[in-house]
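The first chain written gets the first letter, and so on, giving A, B, C, D and E; residue counts start at 1 in each chain.
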Amino acid sequence: MKKALLTGAALLASMVGVSAHAERDYISIVGSSTVYPFSTVVAERFGKSTDFRTPKVESTGSGGGLKLFCNGVGDATPDITNASRAIKQSEIDLCAKNGVTDIIEVTIGFDGISFANSAAAKHMDVTLRDLYLALAKMVPAQDGSETLIANPYKTWKDVNPVLPATKIEVLGPPPTSGTRDAFAELAMEGGCKTFPFIKAMKSADKNKYKAVCHGIREDGAYVEAGENDNLIVQKLVANPDAFGIFGFSFLEQNSDKVQGAAVNGKLPTFDNIADGSYPISRSLYFYVKKAHIGVIPGIEEYLAEFTSERAMGEDGYLADKGMIPLTEDAYADVVKRVKNLTPMAVK
Amino acid sequence: MTKSSMTTREKVEKSMKRRRAAEQRFRMYGVASVLFGLLCLVVLFGDILSKGTSAFSQTVIETSITLDADYLGLDKNADDQQVRLANFEGLIKQHFKDMVQPDGRKERRQLYSLVSAGASWQLQNMVLNDRSLLGQTIEVALIADDDVDQWFKHDRGHAHNAMLNETQIGWLEQWAEQGILKTRFNTLFFVNGDSREPELAGIRGAITGTFLTLLVTFLLSFPIGVAAAIYLEEFAPKNKITEFVEININNLAAVPSITFGLLGLAIFINIFGVARSTPLVGGLVLTLMTLPTIIISGRAAIKAVPPSIREAALGLGASRVQVVFHHVLPLALPGMLTGTIIGMAQALGETAPLLMIGMVAFVVDVPAFISDPSTVLPVQIFLWSDSPERAFTERTSGAIIVLLGFLVIMNTAAVMLRRRLERRW
Amino acid sequence: MSIIENHTTNGQPFCKDPKLTARGVGVFYGEKQAIFDVSLDIGANEVIALIGPSGCGKSTFLRCLNRMNDTIDICRVTGAIELDGEDIYDPKVDVVPLRARVGMVFQKPNPFPKSIYDNIAYGPRIHGLAQSRVELDEIVEKSLQRAGLWNEVKDRLHAPGTGLSGGQQQRLCIARTIAVDPEVILMDEPCSALDPIATAKIEELIDELRENYTIAIVTHSMQQAARVSQRTAYFHLGQLIEVNPTDQVFTTPEHALTEAYITGRFG
Amino acid sequence: MEMNFNQHISGQFNADLEAIRNHMMGMGGLVERQVSNAIEAICSGDSRIADDVIRREDEVDKMEVNIDHECTQILVRRQPAASDLRMVLAVSRVVRDLERIGDEASKIAIHTMEVSDNSSNQLCQQAMRYMGAEVVKMISGALDAFARHDVEGAVDVVRNDKLVDQQYASALRELITYMMEDPRSIGQAINILWILRAIERIGDHARNISEQVIYLVKGTDVRHSSLTEIEEQAQAAAPEKDNG
Amino acid sequence: MNYSSLIIAVLILLGGAYLLGRNRARAIANQGMKLHSLPTHYGALMALWTGLPPLLLLLLWGLMEPRIVDQLLVAQLPAHIQNGSGAEIQLAVSKVHNLAIGSGVSEAPELQPAVKHLQALQQRFDLLQAGVILALALIGVALTWRRIKADMRARSEVERIVRYMLFASSGIAVLTTLGILASVVYEAWLFFHKVSIFEFLFGTSWSPQIALRADQSGSSGDFGAVPLFAGTLLISLIAMVIAVPVGLMAAIYLSEYATSRVRSFAKPALEILAGIPTVVYGFFAALTVAPIIRGLGESMGLDVSSESALAAGLVMGIMIIPFVSSLSDDVINAVPQSLRDGSYGLGATRSETVRQVVIPAALPGIVGAVMLAVSRAIGETMIVAMAAGLAANLTFNPLDSVTTVTVQIVTLLVGDQEFDSPKTLAAFALGLVLFLVTLVLNYVALKIVQKYREQYD
């Protein structure tokens, strides 16, 4: 018995020793759950077609990813972080504080945010203004005076007489999600700006402007449905009156079950998003520590695979997975920057 | 003895109708409760089985394809790297283009999308293993795309399928009639690691990760748990400190598992610098989580050893340590093992704390060592349930079936062990 | 097996004015037979003591009399037991009213974890014997008085019954049984857990209860059987060996087994 | 299952019961000797024997007290029932009878001394000798019956008592005749009468002992019953004793 | 990496030391001296002293070596790197390591000396390590050898060491609790610097999103955790409403009514429910139960949220049924049969007996069991993470969507949030609350159950 205990202890000792000693020889990627599906596809192809080990991709969220990313350099920190939003100055500062200075920013494409309902339900055609009025916490008073009141609208018809008289019920991402950030910025703010007095507020009181434009109602019309977009799709099928806000890739994958509403007259289609005419789409990024290139094997090759024509190109496999490719110019620029490993300009 | 005119007997008889009804009702509640529990079990298993069994078959396209050495730019002496870079994908596209003669670029893309991205890796692996295949025409069963797989397994003959258009379905129907489109056992599901392509995704990585994680957990928690149980049951003086330790252990057994994740994140990863997403850190966290279970069951097993054996040995002049290691421990060991297996089964199903320590990762390579990045089966299930592709739903259920299978095996083992080794005093 | 083949009971198993009659009763636990062909009358307003060595089936037989054996899955009773001429094992008979008529007091005092008052009121409440609170109070008081416990507990009726001494607890259990106003009281070694003084009080109580109730008592103490009972039945290995007036059994038993048992000659 | 009904579970109980029985038998033996010595003294007129009987009377008394004490002890400690109870009770009663017999024997001895002082010519020599032998036989018969649980033997003793009574009656008549004939002999005759009376009482006590045997064995109390009743009881079916 | 071989070597030495010690003791005994302990004790003592110190050192070495090696490496790096920032040094060190194992990193000539040095260093360290470890083992052998005398109390020494080892093992539980506390308290403390405890515990608005915006003054009201507590309570309540009656009634039925055949089948079957991983329940709740409830609600004209508290609570309740039933079963079985007999003897029906005698008698135990179940429901993560919503609604309508403490911990730590906000820290504050609440619940529940057991033991 004593011997068994000793053996166990010894084995453990060896394990701890070995692990503390191991050098990381694979790429570590963290970050946004939105970019996760794309970066995993690339990682998988990269692993299969090269001698390098397949990178490890963790879905930690954009912020969590950047936190890990900016924690320092060396093999204990990730090499690449995905983000569904651009890095913020505060994050760049933190990175710099921890010695992470040369960061390569790679824009990989767009993520359209679709506003969709069940394929069995009636097709909708809305404007950004409709969306703002339907979902904001505070809306301009109906009497036309420049005052803000708590959102009184119950049905779509209340918002805009041309819309059907169904109850407003929208399943969307929670505050912790980058998709919601993007939705607030692109759709809500877009609709909110159409009121001149609010737009004027932007320069006068930026905080108030943001609070008004980004504040989503909390009276039950907007349901924070978790980040599992798959589930939103299921729920939409179950409830034809409800709308969902989720990434374009989910719309495309489930186009038999859900249909995207036209926003400002534009349907959420591949082409409309790629050419920027669909209003609610955002860029996706990943950030690379330049310092790690040459330290962790395979980073350059991974970047090359990611930015290759067969991945990011118009007919690339990322497009198959639902990512909207960059325009040709932007793509060329990205390829060039990656090739030269040009870091972001220090602000 | 009552003033009322009725006798006791009459009163009792009078109350009987009401009471019999109450009895029946109460009994029905009991039956209903048990049935409800069993129904839940049946529904749960039925739901998962009905969703998941189709994950064990996979649609393939059987065809003969010529491995054109010139097209691939390879000769018999090509090294592995050259083979990896060769354009097998183009070869397959070419093959199907010749076979179906699609019309225009759009149709070509539609045609190519019927075959999995994994098909080219299939060919690549064949050539990697045997260069002599170059230039030959071989019979292969190319893996079909997940949309085709779903259509062929579930939707064929049903209403219109949104993922495939009329043209594609036309080709597929034709192939199906020719017999080149068929399903076979989904070996890939068991030999592959994770993948973004549902038709290529497998659970071997997760299973290996689970195994390594549980190995770490077992190697740590069993000896420590047994030692702690022995100490508390046999040596600990009855004082405040011991009581404090006991309260601690009992409490830890009921503490939410997610707090162990917070602990792992803060202590193991941030302070000790153990690598994220590895079986090592997962095992450490799960060790702390299963220790209370093992200690508690270990103490129960030790308690079950009758004091007479202890007294007899002590009476013969053995020391406490000798008594414990020569007499008590061998008798209590089966019980302790059973408790450990149950603890391991718990650890096997645990997800929440692993979310905190980076096990929610996309890991394709099957981990070979406890410091390799890996995921575990429950987390794999969690990840897949979140994936947009429809085919992942059935794979999630398939993985659940496998997980439940493991749990059943472990619990059965525990029960068998208990039956076989249980001693009656 | 030294069970006597074709044994017929010695003495006087039958009486003129029977309350309970058992004819050819056999009890099986699964495959195992615990009682063999027991026929016995229990007369109205008499105290009958059932004695015999451990495992002789006297408790089992007692439990047959109000079908307490029903609570044991594998237990099966054959033969006929009649209460006032009604077969209590008739499928149509409900055990609940039966048990209200044939109450039982157990070996270990088992007061419910409730107040003294609620312990007594439990039976009347479930059977709906009292129409009002006043009536219930009356039943409680009367039962406690009959059990000779009233003076000891009247000031703490709402204290928990488990707080009483062992003897008091047992008298509480008897009072609880009386409260349902049964016709027969079965006592299964009611004093085995008590000290001699408490035992004496219970015996005194049994003597008083005889006026109103028919009592069957299983006891291990032959002195107790001799003290409290009018008739004594001796059981041996599931058979009823001898039934006779108590004074006869204890001076001049008819059967050698009885003699051997009561003189302490089992070797 | 082998059962030995002769033995109690408690060995000490066995020993205690055995002890009182043996002590009682011992006492019986002593009393029997006292009686036969007293009779011998009458017949032989040997005052030394008579003197000896009187001296030993104390011994008998002591034995009675001792055995009674032992019986009490058994009653307290063992709470005997049924045959054991009857045994203890019977022993206790028999011992009292034996003590009385002892008393009668010493009475005989005292009167013998007075008789022998007056004259060697004794009245009713024959009757006394005969009755004396008879009661000695009865005592030993009763004790034997007790020892053997022999109801028949006990009934014989009761029958003999009848004979002794008859002889007593005839001896009485003889004495009255003497006294009527010769008033001077009245003093001596009364002495003789006392002796005869004592012998007759011894017979009664022997009968009592025999009755205890019937009580011991049959469980029925036959005291104060007629001979025929006793005989009937003795005939009655004994409790089933089918033990081995 | 020569750990494995070293460990094997030490283990062999350990075995050898055992034999050596035992034989030496035997030799002493053969000289006619009376040994204090058995020869095997001397062997064990020798083995312990031979094995333990090297193994501990090896563990320590494993933790320390990389740091020392790196320190030494830094000295070998080119001067300009040495003068650079800490990050540069670290990078260079990482690179040197990867070069040394030849994992396909592009060559860097300036680092070549360092690489060479590292390789040499590692060789030297391996040698040194082997030397030190084996020497330590041998010293152990030698010292113990010399100490072995007839009057040496080998047994008590061995036993003392073994006891210390056992004690250390049981101490791990305490360390775990301390670890949990330490890991949440520090960050929670930081959080409470930014948001007052009072606001956190009693604020009724939970909306970390707005407060975290860098360009907005953090409004403290947005970290009011009351909606989370309410949501947690609501879901736990629903789960309890399902699990307590069903679990309790099932336990009652199985222990008081069911035949042994039914029991032997139904009991393990119910317990299977407890063994199913929570992630499976989560999947089931999200994909099967929630749509069904939604559909049912719709058909009755009710307004059901797709992420209704009901779906999560219901499935959680199902999960907890066996938990309640097996704990209650224990408790009910502990009620002495004599109480039941007493009640039956008075002519009570089974249900009357159960309701009025068994349950009141078992009540403390049942309360304890329910409290343990509540603590489990509160701490359950996966079901709510997959099936419950994230909307911090302060509502008690089970058809609404609510969020729970555990869900928020998960989302706050794996969401797209910014790192320098109180948001991450809020997760730890929530973790602290969760830990403390379950601690109190468990403690009280265990005490109650313990008391109850003593009552009938």
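Just so it is clear, a residue touches a chain if its C-beta (ideal position, glycine included) is under 8 Å from a C-beta of that chain, and two chains touch if they have at least 3 such contacts.
It should be emphasised that the depicted structure is a prediction, and the values quoted were computed from it without experimental measurement.
Q: Could you tell me which chains make contact with chain A and chain D both?
A: Common contact partners of chain A and chain D, which must touch each of the two, are absent.
Q: Which chains lie in contact with each of chain A and chain B?
A: Chains touching both chain A and chain B: E.
Q: If I average the CA coordinates per chain, which chain comes out farthest from chain C?
A: Between chain C and the rest, the longest centre separation is with A.
Q: Could you name the chain whose Cα mean is nearest to the mean of all protein Cα atoms here?
A: E
Q: Between C-D and B-E, flag the pair that has more C-beta pairs in contact.
A: Greater number of contacting C-beta pairs: B-E.
Q: Measuring centre to centre, with centres taken as mean CA positions, what chain is farthest from chain E?
A: Computed centres place D farthest from chain E.
Q: Centroid from C-alpha atoms only, then distance chain D to chain E, rounded to Å. What do you get?
A: Result: the chain centres lie 95 Å from each other.
Q: Taking each chain's centre as the mean position of its Cα atoms, how many Å separate chain B from chain D?
A: Here chain B and chain D have centroids separated by 100 Å.
Q: Can you give the whole-Å distance between the Cα centres of chain B and chain C?
A: 60
Q: Which whole number of Å gives the spacing of the CA centres of chain C and chain E?
A: Going by mean C-alpha positions, chain C sits 57 Å from chain E.
Q: What positions in chain E touch 2 or more of the other chains?
A: Chain E, residues with two or more chain partners: 162, 165, 286-287, 347, 349, 352, 385-386, 413-414.
Q: For chain D, give me the residues that contact two or more of the other chains.
A: Residues of chain D never touch two or more of the other chains.
Q: Where in chain B do residues touch two or more other chains at once?
A: Residues 12, 19-20, 223, 227, 360, 385, 393 of chain B each touch two or more of the other chains.
Q: Give every touching pair of chains, nothing left out.
A: A-B, A-E, B-C, B-E, C-D, C-E
Q: For chain B, which residues are in contact with chain E within the complex?
A: 12, 19-20, 22-23, 25-27, 29-34, 36-38, 40-41, 43-44, 47-48, 223-225, 227-228, 230-232, 235-236, 244-245, 247-252, 254-260, 262-263, 265-267, 288, 291-292, 295, 319-321, 345, 348-352, 355-356, 360, 378-379, 381-382, 385, 393, 396-397, 400, 403-404, 407, 411
Q: Report the residues of chain C in contact with chain B in the complex, numbered from low to high.
A: It comes out as residues 94, 96-97, 100-101, 126-131, 135, 138-139, 142, 180-181.
Q: Which of the residues in chain B come into contact with chain C in the complex?
A: Going through chain B, the ones touching chain C are 1-4, 8-9, 11-16, 19-20.
Q: Show which residues of chain A lie in contact with chain B when the two form their complex.
A: Touch residues, chain A against chain B: 1-2, 4-5, 8-9, 11-12, 15-16, 18-20, 22, 24, 26, 28, 36-37, 40-41, 43-45, 47-51, 53-54, 56-60, 76, 119, 227-230, 249-250, 253-257, 315, 317, 320-322.
Q: Would you mind writing out the residues of chain E in touch with chain C in their complex?
A: For this pair, the touching residues of chain E are 259-260, 336, 338-349, 352, 356-357, 360-361.
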